[in-house]
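What follows is a group of structures, each given as structure tokens.
Two complexes follow with subunit A in common, the first pairing it with subunit B and the second with subunit C.
Moving on to the complex of A and B:
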């Protein structure tokens, strides 16, 4: 398959700060998830491939052409920015229609396309309300509508699930999964693994401006599961819980928390243990107050992958 | 570029008309019109000279305050409002020429400024001159004042658009330029006053015989010819718009976010 986005030794500095470091990547049609903690360089990468920034060194091409200062290429590209930013004084429909006119459509066609895009993101019943009166989820869906209303071949979505409630996330995940029909390409970023996992199995891991790994979700999962995961359970009888846990397989180191009410343990099989814990609690009558996972974030996984 | 200009002009004219800022500027701009009505109603039998002096004050208010305020806030916002509002990505990821974006947006804002100023000027001018000038004289003089204000809006908006595209804190520099440089330099003797936009605008104003006494508009003015003033104002507008387009084409704004 031919790569839609192609970067070669791409780097970008902000003054003395390195935003992206020597990234060479080919992205093919379908959905590709860009996964990394905040500040990893995801937005920088997306701004470079969407022509909003010039590379400091290296090169980037989309559909085989340079992107910076090349307006015709934006007929084939849709971009949804991370920021919750709008021209607030207009309605959702006027906003999408106005941007479609900027895209080059006649007023009538822009009006029709705006309606179709708002239908697609399930915002048609609120299309005539001012954007400033929308909820966060509605604003996010309007942002997505403007990015796909002109039927782009490449859709770039920067953290489209940020700040949404679970229902809103599910809706947007479904929209994104429905989009890449007929060979179209979606590049979507997030700092939450399960969110990316829900959209695609093709993942690029980015951290501190570098690509750490790329490939199928199972490969990434294997990398992550090789990393011991810490789980902390606060309950009324930590000693009894510890006694039960030590008999379980997949539990590595176990210790008591400083407060005397918490059991902290490590596992290499995070998902398996999480699915088994509720049954253990119920069968043994343990009253659990909280379950937390102190390192349930990508940062610890990335620290592990880079060998910290 | 023409397609970009037209679509950007239409979109931003709609946004500008609806913005609360437009209502605030319209209220401010209609202040002299209200003052003119109050003045005429309060002193209906005032002498021609008093009316002339008051007219002069109004023109100074339009020329050296309103024009600069409108051009400054609209011109500098052409670029800065997109950066501060984080909406620039909606423009720069469309198939739009960057020059077309600047020209279309600047034209939309200049047109709105011109409409506000010309309507207000029409009210205040005809109220002040009712019974003083014949209909033909009044229309001719109004057109001349209106033309000068239009040229002023174009030149100042172009200059402030350039400042806004180039600098992050353009409003502060613009205020210093509009109310410092422009206010002071136009009263300098000799050719120094030609380094201000206000000099060319004042050179094009119609001066009535009563202005041979003291007038804020003619004080220390060593007028440039009409033709030269016109050329200077068109050049200032063209050069600063071209520079604004050039800077916007090559400068990266996204990193400023």
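Moving on to the complex of A and C:
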């Protein structure tokens, strides 16, 4: 399959700070998730491949054409930035329509397309309200509407699920999953693994400006599961729970929390242990107050991968 | 039976229209947003007050016999010649109203885009930086030309209509060109001035203050230095004095200040160059906001 986005030794510095370091990557049609903790270089990568920023070194091409300083390429490209980028005094419809006119559509065509795009993101009933009155989720959906209203072949979404409630997230995930059906490409970034997992199985892990891993989510999962996963259980009888847990297989290490009410243990089989835990609690009559997974976040995954 | 609505997104197979003037949507939006501001329409209408007085002057000049009781002693003023047009173009009130309009219509042109991170949305469209800047400058052109070129040409046309002859054009064939040249000079200088200041801050209020302050204080500074040193060359510090000096030269009139008008043109050109330099630094690729 031909790569839609192709980067070769791509680097970008901000003064003395290295934002992206020697990234060579091919992205093919379909949905690709760009996963990395805050400050990993996701937005830098997104802005470089969307022609927003000039690389310090290296090359980027989209559809086989250079992307920096090549405005015609933007007819085939939709970009949804991470930050809000609104004139708050205009309505959602005016905002999308104005940006469509910059794409080269006539006023009438832009008006129609703006309505269709807002309908697609389920914002049609609020299209005539000023953006300053929109909630976070509505703003996010309007930003997505402007990025796909001109029907681009490549959609670049920078943290589109940020700040959304679970229902809003589900809607946006559905929209994103629906988009590439006609052979189009979506590049979406997030720092939350389950969010990316819900959209695609093809992911790119980025950390400290470098690509750590690339490929199928299961491959990344295997990498993650090669490292112990920490689970913390707060319960009424931590000593008894500890006694039960040490007899279980898959528990690598166990200790008590500083508060005396918590058992903290490590496992290499996170999913298996999680499925067994409820039965253990019920059969042994242990009243559980909370179960947390302190390292169930991407930062710790990256810490594992870089061997911290 | 209820209508089933397909809410899916349809692939569009049409051809994209090529934009011959990619800057035009930027300009149209800027003009539209200006007119949405409170009191702006009133301000624009009020700015035409001098043009109406000058139009009345042209009418009266052709009916001096009828208005003799009113214009006793003002016949010199009512001589319709390039000086009459120069008086309109370089009037303090007209220049002040131009500044007022720029405060409303120009202060936020770039400042608002920077404040709202909108540059990244502009530049993810088929729009070059020069299109963006020209689109913004064209908003200023529109308002400046509406208050200079349009009234200037209407005054000239009405003079021809009221007099029923082309004598004025025969005597001063270069007058329409002077009107065009002076209007273009004002448009370019005010566009550079406004965009330069608008690009210096993300806050529209600061820019508003700057537009006023730089215009007024440059003139006050000239007054102070001139009062102290009696050297007219300090007029080069004043934006207003430079515009009046260049305007008088364009209309072939004696300049109001005792220094070469070419120096004023150089100062105004310098302002434009500084504006271009600052704009190309400030309006650039989008930086990451953490």
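Please note the rule applied: the second predicted complex is superposed on the first by the 308 of 308 C-alpha atoms of A that agree within 3 Å, B and C clash if a C-alpha of one lies under 4 Å from a C-alpha of the other, contacts with A are read in each partner's own complex, and residues count from 1 in each chain.
FYI, a contact is a pair of C-beta atoms (placed from the backbone, for glycine too) under 8 Å apart; a residue touches a chain by one contact, two chains touch by 3 or more.
Note that the structure is predicted; figures quoted are calculated from it, not measured.
Superposition of the two structures on subunit A leads subunit B and subunit C into a clash. By the document's definition of touching, of the two partners only subunit C reaches A:178; subunit B does not.
In the overlay built on the shared chain, the residue A:74 is in contact with subunit B and with subunit C.
Residue contacts after overlaying the shared chain place A:289 against neither subunit B nor subunit C.
Contacts of A:148 after superposition on the shared chain: subunit C is touched, whereas subunit B is not.
When the shared chain is aligned, subunit C comes close enough to touch A:116, but subunit B does not. Comparing subunit B with subunit C, the partner in contact with more residues of subunit A is C. Of the two partner chains, both subunit B and subunit C are touched by A:99. With the complexes overlaid on chain A C-alpha atoms, the stretch of subunit C that clashes with subunit B is 26-34, out of 26-34, 62-70 or 170-178.
Common to the subunit B-facing and subunit C-facing surfaces of subunit A are residues 14, 47, 50-54, 69, 71-75, 77-79, 81, 83, 85-87, 89-90, 98-99, 101-104, 146.
Per the touch definition, subunit B reaches subunit A in the complex via residues 3-4, 7-8, 10-11, 14-15, 18-19, 85-98, 249, 252, 254-255, 257.
The part of subunit A that touches subunit B in the complex is made up of residues 14, 47, 50-54, 69, 71-75, 77-79, 81, 83, 85-87, 89-90, 94, 98-99, 101-104, 146.
For subunit C in complex with subunit A, the touching residues are 7-12, 16-19, 22, 25-26, 28-29, 33, 36, 112, 116-118, 120-128, 285-290. Partner subunit C is touched in their complex by these residues of subunit A: 14, 19, 38-39, 43-44, 47, 50-54, 69, 71-75, 77-79, 81-90, 98-99, 101-106, 109, 116-117, 119-120, 122, 146, 148, 151, 178-179, 182.
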